[in-house]
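Okay, so subunit A shows up in both of these, paired with subunit B first and subunit C after.
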Partner chain A sequence: MDETVAEYIRRTILRIPRDEIKTMLHKWGFLSEMQLQNINFHQIKENISQDVVQLCEENSADIKQAAVLDIIYNHIYPNKRVWSVYQMNKTGEETDFFDLKDFKKKFKRLLRSALKNVTINFREYEDNAIWIRIAWGTPYTKPNQYKTSYVVYHSQTPYVFISASVLKSNLPLLCQALLVASNYSDIREMELRSHSLNSLKDIVFKRYSQNFQTYYPTPLQERNVTPESADIRIIQENKNERERIQRVNREVFGDGPQPKLEFAQYKLETMFKSDPKMDVLDKREPFRCLVKFSSPHLLESLKYLAPAGMADAPLSPLLTCIPRKARNYFRIREKKGFFPGSFVSP
Partner chain B sequence: HIATSLPLPSERDHLRPRIDLIAFMIDIKSKYSLRNVEASLAHVDASFFLGKVCFLVTGVGRMNYCSVEMNAIWKLRDVYCSPVLFCELELEGVRVATAQRLLRMLQICAGHIPGVSALFFSTLMRNSADD
Partner chain C sequence: GVFAHLEMLEARAHEAAVKQEEMEQQEEKLARLRARVEELRLQRDELRAKVDLQEKGQLGKEGVVSKPAQPSARAVLEWKIKSIKAMLEVFYLTGISGKLTKQGVCFCISTAYEGTYLDSYYLDLLTKPEVQIYRHSVPVFIPLQQIAKKYLQTDIRRFLSVLYDHLNAYVGRRYQAEQLQEHFSDQIEGTVQRNSLCNLLVFNYNVSCKSRTFPFNVRLLYGDLCCSLPTEVVISCTPNAPASLAETAAAHSDLFRRVALHRVFGFFSSAEGSVD
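Then we have the complex of A and B:
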């Protein structure tokens, strides 16, 4: 077995939390039941990984099997990577019947014709998701297994989720391979990025709880504002206002959990509006400014801003339109009227 | 009685007892709360500022998340002649101690402590706080 393969498998095992190693090796299926039973999973990880590498040596593992283990790891822990969303477009109306074998063949062929040194692996999952792992090399060097890009393509949709590595220069080639293999005509990057792959899927597939326009003559009785304290000595003077905020919030955010995003970024290219006497800028040039909101769970924290008394309800549509518009990176240019619809897509 | 801002809703006027002490809470992490308090102060009758108003600044345990400048707080204290208390709501000990202080002030403002008026007490607090 190749030294580099052994080292790669060893490092991959070390990334897995100790309690999960056994399950993951099962999923991998490369080592036999008997071999797995011989491993002591209670020792320290360094020793477990050595044992696994030893067994892989016996089975003569090659890079393909090692890559499959890496895919399994990334499928279970996708949140370690940053994912971008791409949308593909077809010019014709024909809905081609999706042929997985054909897709894989065309994809590999295009990549390999442009770049000799590249490792490509596929793995299909139940929800029509095709996971593609690509390790990039150069015309003169072997593929670097530690610098991989991941692509998740749901064949019944025009959406592709890409976690590119540092090698951004390979992105155009990757996009081209996807287009050719999937029979689409063009691909564009959506301004939507997050660590949480499932949340990105929730947003583009509209699987999160959305607000519906409902008009109730009287407020619903079943859902009460949870009383902050049952102590009858505390009297809330602004109960009506609190209920209004809850209602508005529910209309905007819906009832269920929000998709998990870490950032919202607003690039302002607007004119600086100041007192003419202040004369900050001599030139009439747009004032460039970047506003970035970050949070472990941005949308949930926005949802609680108004009830927590930290902002007025309803919130700015710039913030609340994020899941609906499926974007968290915005560019705001000078416009007469200031509405989300006037955002210019890059 | 807890309110998010002043003026208080008029529909509950008949249910409200006499107000002896108004404590304005400012979250030092939120400029929004400072603006809210400044706007609400305009709705307070002048007679309250003779010792029946105090400012309670919360969130002081996390000074690196400070959004409100101390100058703004001192300005409020000087303009409205009212004492400022600091506390951190997340620490139980501090929370309880602050509640006890407020309760004591309330007793004075309600006239339950003979010999000490609200005005006298607030002057006392202001003079001792001046360094």
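Then we have the complex of A and C:
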């Protein structure tokens, strides 16, 4: 077994939390039941990884199998990477019979025709998600297994989720391969990025909870009528206002959990509006300013701003439109009109 | 010109919405009147009972006047709720229901396959300045934009009907594939390979012939997205398979085209060649 493969497997095992190593090796399926039973999973990780490498040596693992282990790891811990969303367009209207074999073949063929040194692995999951792992090399060097790009694609959808690595120069080639394999004609990057892959999927696949007004009763959950306080001498002064805020919030955010985003960024290129007599700036040029909201869970915190009394309800549509417009990067320019929003898609 | 046409379309959409609102108001009114009738009947009974008592004179110690029916308000309310729930159930059962909103109308498409209710999908439409989709929960692989481009502005009913067909066919195909996987996993080699739309299904199963088994590979193509039966079936077997199997393959192929996927395997014992 190659030295580099051994080292790669060793390092991959070290990344896995100790309690999860056994399950992941099971999922990998490369080592037999017997071999797995011989490993002591209670020792320190360094020793566990040494044992695993030893067994992989016995089974003559190569880079392809090691790559599968890496995919499994990233599939279980996708939030360690930053994911961007790309949108594809197609011109024709024919029904597309997406054939997985075909897709894989075309993808590999295009990449390999341009770049000899590249490792490509696929893994499909129950929810029609296709995970692609690509390790990039150059015409003169072997693929760097530590700087990999990951692509997640659901068949027959126009969205691709890419966690690119540092090597941005390979992105155009990757995009081209995706277009050819999935039978689309062009691709562009959306202004939507997050660590949480599932939340990105929820946003573009419209799987998050939107509060649709319908007659059909989703049974009204008994809203927790916790008695405000047992003491009836305490009364809520602004009960009406609180109820109004709750109602408006529910209309905007829905009832369920919000998709998880870490930030929203607004680039303002608007004119500074001042009293014409107080000409603050000599030149009439747009005031450039960047506003960035960060949070471990941005949309949930926005949801609680009004009920917590920190903002007025309803919140600015610039904030609440994030899931609906599927973007968390905005550029706001001057617009002739009452609403200085531009929602320019580059 | 174009604007006149647009105005006409807008007027039509408005008319349709107004009509629906009228209909709903009618039904509400009817429910209210019914409740009123009920109320009055109860009152009448109450009064009748009182009159009877008056006529019979004072009661002795024995006869305790059984109080007339409970305050009718509660009974009326309960009856109202029951009848509205029944009405909503009817809407749900028809598959498409709608509710007027501040800016337009919100539709709910409830899908079903052979009597089993499956997912519901929502469409929030704006009606001004023109009919457009504000937001929705339709899966991204359903060609919603295509359908909207064709029909949304001109014929909302047709738009809904076409979308309804797409969604129902999709859940139907998905349901068949899931049922097949669940109930016949012992007869299928591996899993059923499918895509998001479930319009291409591929799987393998074994057919025995003269005490040997041969693997059949099936590709089901559903060319019509509004249909839950395949438009094309391709069955292939290994090159060393006996010629008689070709007939079996043809018979199976025919079955796959005509019968719902999760019921096909039930037919195999009657067709030529048995399935292991």
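Here, the second predicted complex is superposed on the first by the 315 of 346 C-alpha atoms of A that agree within 3 Å, B and C clash if a C-alpha of one lies under 4 Å from a C-alpha of the other, contacts with A are read in each partner's own complex, and residues count from 1 in each chain.
Following the convention adopted for this analysis, a contact is a pair of C-beta atoms (placed from the backbone, for glycine too) under 8 Å apart; a residue touches a chain by one contact, two chains touch by 3 or more.
Everything numeric here is computed off the predicted structure, so don't read it as measured data.
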| item | value |
| --- | --- |
| Subunit B versus subunit C as contact partner of A:A311, first or second or both or neither | first |
| Of subunit C and subunit B, partner touching more subunit A residues | C |
| A:T141 touches, of subunit B and subunit C: first, second, both or neither? | neither |
| Which superposed partner A:L100 touches (first subunit B, second subunit C, both, neither) | second |
| Which of subunit B and subunit C A:Q236 touches, first, second, both or neither | first |
| Which of subunit B and subunit C A:F205 touches, first, second, both or neither | second |
| Overlapping contact positions on subunit A, where the subunit C interface meets the subunit B interface | none |
| Subunit A - residues contacting subunit B, complex | 234-238, 240-242, 309-311 |
| Subunit A residues within the subunit C interface of the complex | 93, 95, 97-100, 128, 154-159, 204-207, 210, 212-217, 324 |
| Interfacial residue positions of subunit B with respect to subunit A in the complex | 1-5, 8-9, 12, 30, 32-33 |
| Residues on subunit C engaged by subunit A in the complex (per definition of touch) | 85, 88, 91-92, 97, 99, 101, 106, 108, 110, 120, 122, 124, 135-141, 143, 146, 193-197, 199-200, 221, 223, 225 |
